[in-house]
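Each structure below appears as structure tokens.
Next come two complexes, and both contain chain A; in the first it sits with chain B, in the second with chain C.
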Partner chain A sequence: MQTITLKLKDAAMSGIAQVPVEVDALTPDKLFGKSEAELKAVKVWWGNKQEAAGDLFDVSVAGDAGSGDEVKIVFEGDLTRVKRIGDGMKSGEIEARGDVDMHCGAMMEGGKIVVKGNANCWAGREMRGGELVIEGDAEDNLCAMYRGEDKGMTGGKVMVNGNAGECVGQYMAGGEILIKGNVDRLAGLSMSGGKITIGGDAELFGPDMIGGEIVVKGKVLEMMPSFRPDGTESIEGVEYKKYLGDLAMGEKKAKGTLYAR
Partner chain B sequence: MADELLIRNGVVYDPINGVKGEKKDICIRDGKVVDSVTNPKVIDAEGRVVMPGGVDIHSHIAGGKVNAGRIMRPEDERKGVEPKTKVCRAQSGYSVPNTFATGYRYARMGYTFVMEAAMPPLAARHTHEEMVDIPILDNAAMPLIDNNWMTMEYVKSGDTDLLAAYIAWMMKATKGYAVKVVNPGGTEAWGWGKNCNLNDTVPYFDVTPAEIIKGLAEANEKFEMPHSIHVHGNMLGHPGNYEMTKDTYDVVKGIKPYRDRPTMHATHTQFHSYGGTTWGNFESKADAIADYINENDHMSIDLGSVILGDTTTMTADGPMEYSLYQITGRKWTNHDVELETGTGITPFLYSGKVSVHTIQWAIGQELALLVKDPWKVALTTDHPNAGPFIGYPIIISHLMSKKRRDESAEAMHKAIFDRAALPSIDREYDLNEIAIITRGMTAKTLGLHEHGKGHLGVGADADVAIYDMSPEERDAGKIQKAFLNTKYTIKGGQIVVKDGEVVATPPGRTIFVTPECDDKLTDEMLVTLKDKFAKYYSVTFNNYPVQDAYLPNPYEIKAPWRSS
Partner chain C sequence: MVEVTDVVCSLCGCVCDDIVLEVENNEIVKVKKGACSVGKAKLLGHERIKSPAIRENGELRECSYDEAIKKAAEILYKSRRSLLYGWSSTVCEAHKVGVELTEDLGAVMDNTASVCHGPSVLAINDVGLPSCTLGEVKNRADLIIYWGANPAQAHANHMKRYSYVSKGYWTEEGKKGKKMVVVDVRKTMTAKMADVFVQIKQGKDYQVFSALRAILRGHEDVVPDEVGGVPKEQLLEVANMVKESKFVMTFFGMGVTHTGARHNNIVNAIQFTRAAHLHTKASIMPLRGHYNVAGINQVCTWETGFPFAIDMSRGYAWYNPGEQSATDLLYRGDCDAAMIIASDPGAHFPGESLKHLAKIPVIQIDPYANPTTEFADVVIPAAVSGIEAEGNVYRMDNVPIRLRKILDTDYLPDEEILQRILTEIRAMREKEGE
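Coming up: the complex of A and B.
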């Protein structure tokens, strides 16, 4: 097992502009097999310039790895302007110690990311596989598609211990999302597959849904008017009302399922 | 000191000057091809293929609907993202690339002129602003004049001279190049929720598409216009439309062009060569269309050949885009341009696993291979409608290699063997023919060969493409690679691409045509036109024309009134 610790230098965030750092080049599979010197030389976007990772981060490496699966990257320091953590990662583990900026775990294919804080928008965007754990809150568009695309998350598993913003799992086609807290409006918008479980409250979830399922364990603040009640079902010993829709998409296409108490 | 360049040891294909693969030096001074040079910078082409800069006759690269396509498809902008370099600005997009990428990618394929295929007159300013923003390429744009209320009223009353006066005013007002026709009458009928066949009556205006086409062709030939009318006919993309396509060609038969050029250019003919009655029995009728073109000399065509994959369709043919949306269910938009025209946009995926798409893919290439005289055919994909222009090298490699075509057909839907002719065609294009359909024919059909485009004779613009291949190359993959990224592209005597990389980005010129019309005729036409502006337009007559400031590098072609 190898642990690569990348601590963002204070100098990187000392400017008034707080120019963001994009770290999609720093994933376990991409860094596997690199010496410390090679690792420090990897180019990372800092605003509109590419800088060496070693100039932006204090780098320390401990242990050895036989494959990308055995590499763990730990991000430390002020990560609120560090974007694309674990973007496209295929294997290994990333731990982010603090609040992270947008696109954490976007396009992720495998491995595991743990965020020990809050995640900004687009976490798990278009995720295909692997596991993303956010110990704090997630902002809007968790596991959604990016603008214009017609597929969001297609695989993998995401867990949020806190609350999540609007449009969780927009255009989601597969995979699983578990949110322990509340979600803002439009969870599962245009969803076609996969499962979203919401531990807390939700409102107007499932619009334009044509497949997949959403379970709301807390209060339903406002229900979509275009779903048809379809009896009740017991989940983990608790009785839920079942709904089918979204009928606004036409009777034939309305294959989404909602469960609410 | 004069700026001189000498290209040595190239194998030159310059079809307009009858040069078919000769070892020949090209001398360049101050942006023009000359007889000899004294103290030049030398490029040793080392036996590579040398051609004039490419001339694209039909491509949607600038203007309102192209930009609407970009706005509508941020997912397309994600593809082809390249950061800025010391020379290039940031690039994005695949089927609707940004303006910079459009210029760089065309230049890397050896193209130096592109015709924007459809300019809504009311959006002419926007079109020119984007064309100015496209680096390297010289360009021009064709204003849409067919679904226009003025046009239809003059066609109805039979006042061809007044229609000509209106065309002249419109060319000047929009800084346009040629008369563009798109689903004549049909786009206007779409305002009533209808569409038009060739001989249907357009609601309210009481004229037929055939009459509109004939009227515009006659009016166009009143001037010494460099290009014929440029026609996207009725019922594009509908099964069984090939008969109507031939009937459309017949409409202008007998109208005499002012010089040795066709009377009508029929664009993206692939979309108009369909047999069958439904998508279920859809089949290629490219052979029937090719027969017509072979037997008649008043027509030229471009292919509109399909590139497999995702693209963004966009046209002034609003009802067609709506039909396409009904098939795919994907996002779409329609737009009405006041008294003039309309627009529609929707994304589309051409899949080699779908029978219809496979047959469409075959038709474009069949047309190129079945029309005997390459001087009647231009290579296009109707960018981005049948696929993005960046796919041209794929088509070139297929036209040049039967083996390549067979390999592709094997991997596609088997319908290609029953309902298309492509697998049974043995013809292979040679490099001279490729040069014809990508620069010689297109420059000549547009009349640009008289203005230095599409050839390398003395006095021509020093626009040169040097492809990194020997003329003996037969490997389709290598041919495709060579045509995607030139060894050198030279634009106006300046090296703009070297080893496939853009190294300089000089601004291009905008070429426009000024038809010269009798003042009395113009005044008579203006009485009607000013009334239209006062009653219906959202802009005033005086604010309508594109000011000269919109064309920082203008090139004017005068088109005098014909005396006879």
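Coming up: the complex of A and C.
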């Protein structure tokens, strides 16, 4: 096992602007087996320039690894302007100790990310596999798609212990999202597959849905006006009203299912 | 005194091109025909920035173009993440140099669509846009829908030239042969002219579109008795008007792009247009504000693949409004310098975003002083496009129109100012490389 600890230096965020550091080059599958000196030399984008990781982070390494699976990366320091943590990662584990910036776990294919804080927008964007755990809140566009893409999340599992923002799982086509708290409007917008479970309250969920399912365990603050009630169903011993839609897409395409109490 | 005909107005997205002016001693003395009151005010001109200037100890000190351009280049060259924002009130030739500058610097380029019809552009990314030209609207449309827009006051010539009041080939009776529906939260001047006024609850546009779509697709049974403050009977009435029309045209404005579900309102408006295709011909168009905001979207798209909020920091274009859009970038304090051209964020951006803009070095390029001038560190006056400089612009329906030069000036056009800044930056890079 190899544990790589990367602590963002305070100096990086002490200027007139807080230019985000983008760490998509720092994933277990890209870093396994590197020595401390090699790690410090890895180039990281910071604004319009690439800097050595060692200039932006305090780097320490323990152990060795023959593949990404055997690597755990720990990000420390103020991570609120650190973008793309675990972007495209294929294996291994990342732990982010604090609130993280946008695109955490975007395009992720495998491995596990644990965020010990809140995640900014587009966490899990177009995620394909692996596991993403956000211990705090997630902001807008969790597991959604890149602008103009017709698929958001297609696989993997995401868990949010807090609340989530707008458009959770927009254009989601597969995988599973579990949010313990409330979500803002338009969860599951244009969803075609997969499952979203919302522990708390939700409003206007499932618009333009053509597949997949959404379960809302809390209050429904406002229902879309274009779904057809379809009796009731019991989930884990609790009775839910079932709805089919979105009929705004036309009868043939309306293959999404909502469950609400 | 000379009469100049076929003058093109460089104010709003209507880009009226039938204006007649009287010019005497290199000055426009009278607008004889064609322009609305706001267009007229612009053509007649008002106080200009007199000279290039650099801020020193809190005060602007007048200087030469050379000095101001050099200072601007220094600021941008040193920056790790600069924002080049504005662009909507200048010509496409300047936009082109702007894209080159953005790429050269690895900067972020954003335009006023970001705080205007950016949501419409995002919606087009998701679902496309069944649209047409204003000429088609004039000649064909017999049902006009204005949604969250008040052209009677904001685009004063729009109804007269292109929509409800105009007469065309198949609409020879003018407004007698047409119907108009206005959807808004309050009874605006435009709403007072409408056959049907749908008064919607603030922020509820999204669900009203969905309900209309469900009705047009034959599922009125699932629609509740009231949606977004609108009774079901009125939704059925509007849906019937759509079904019975020959050509429905929906124009929409800021009242629907910035409320409730925001850009997804527009996704839904476009899908409503699609649903109308089951019964009739239908088209939809954003009522663009500045005269060339459509043009900057065109230029950015053909140069970079994306219409606004473009980040070139990695050497290729990355586009993500909400992340690289000007207000967000500033709100988060992400950029360390800014160049503002042909726009006025000082008057229009949220306070929190402005706080950061006031903190970082700002270069302003504009013919007129405005609230942005109050905190700009380098001020570079420019010629007024469409009056003192020529160039191409795109009308709100994306039809290109050539602006003409009417008066002579000593002010430099935007294109030349930008080209000189770029040349300075390249010289600095070359010098550092030696």
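Some notes on this structure:
Definition applied: the second predicted complex is superposed on the first by the 261 of 261 C-alpha atoms of A that agree within 3 Å, B and C clash if a C-alpha of one lies under 4 Å from a C-alpha of the other, contacts with A are read in each partner's own complex, and residues count from 1 in each chain.
The rule is simple: contacts are C-beta pairs under 8 Å (C-beta built on N, C-alpha and C of every residue); 3 or more make two chains touch, one makes a residue touch a chain.
All of these numbers come straight from a predicted model, not from anything done at the bench.
When both complexes are overlaid on chain A, chain B and chain C end up clashing with each other.
In the superposition on chain A, A:Ile16 contacts chain C only, with no contact to chain B.
Counting the residues of chain A that each partner touches, chain B and chain C differ, and the larger count belongs to C.
Residue contacts after overlaying the shared chain place A:Pro225 against chain C, while chain B stays out of touching range. Using the contact criterion defined above for the overlaid structures, shared-chain residue A:Arg147 touches chain B and also reaches chain C. Clashing C-alpha atoms with chain C after superposition occur in a single stretch of chain B, namely 326-334 (options considered: 20-28, 200-208 or 326-334). Residues common to the contacts of chain A with chain B and with chain C across the two structures: 48, 146-148. Residue ranges on chain B touching chain A, taken from their complex, read 72-78, 83-84, 330. Taken together, the chain C residues at the contact with chain A in this complex read 79-81, 105-107, 122, 125-126, 206-207, 209-211, 213-214, 217-219, 222-224, 227, 260-261, 264, 267-268, 271, 275, 312-314, 319-323, 332-336, 356, 359-360. Contact residues on chain A toward chain B in their complex (touch as defined above): 48, 146-150.
Remark: chain A residues 15-20, 45-49, 81, 102, 121-122, 140-141, 146-148, 167, 185-186, 189-190, 204, 207-208, 222, 224-228, 245-251 touch chain C in the complex.
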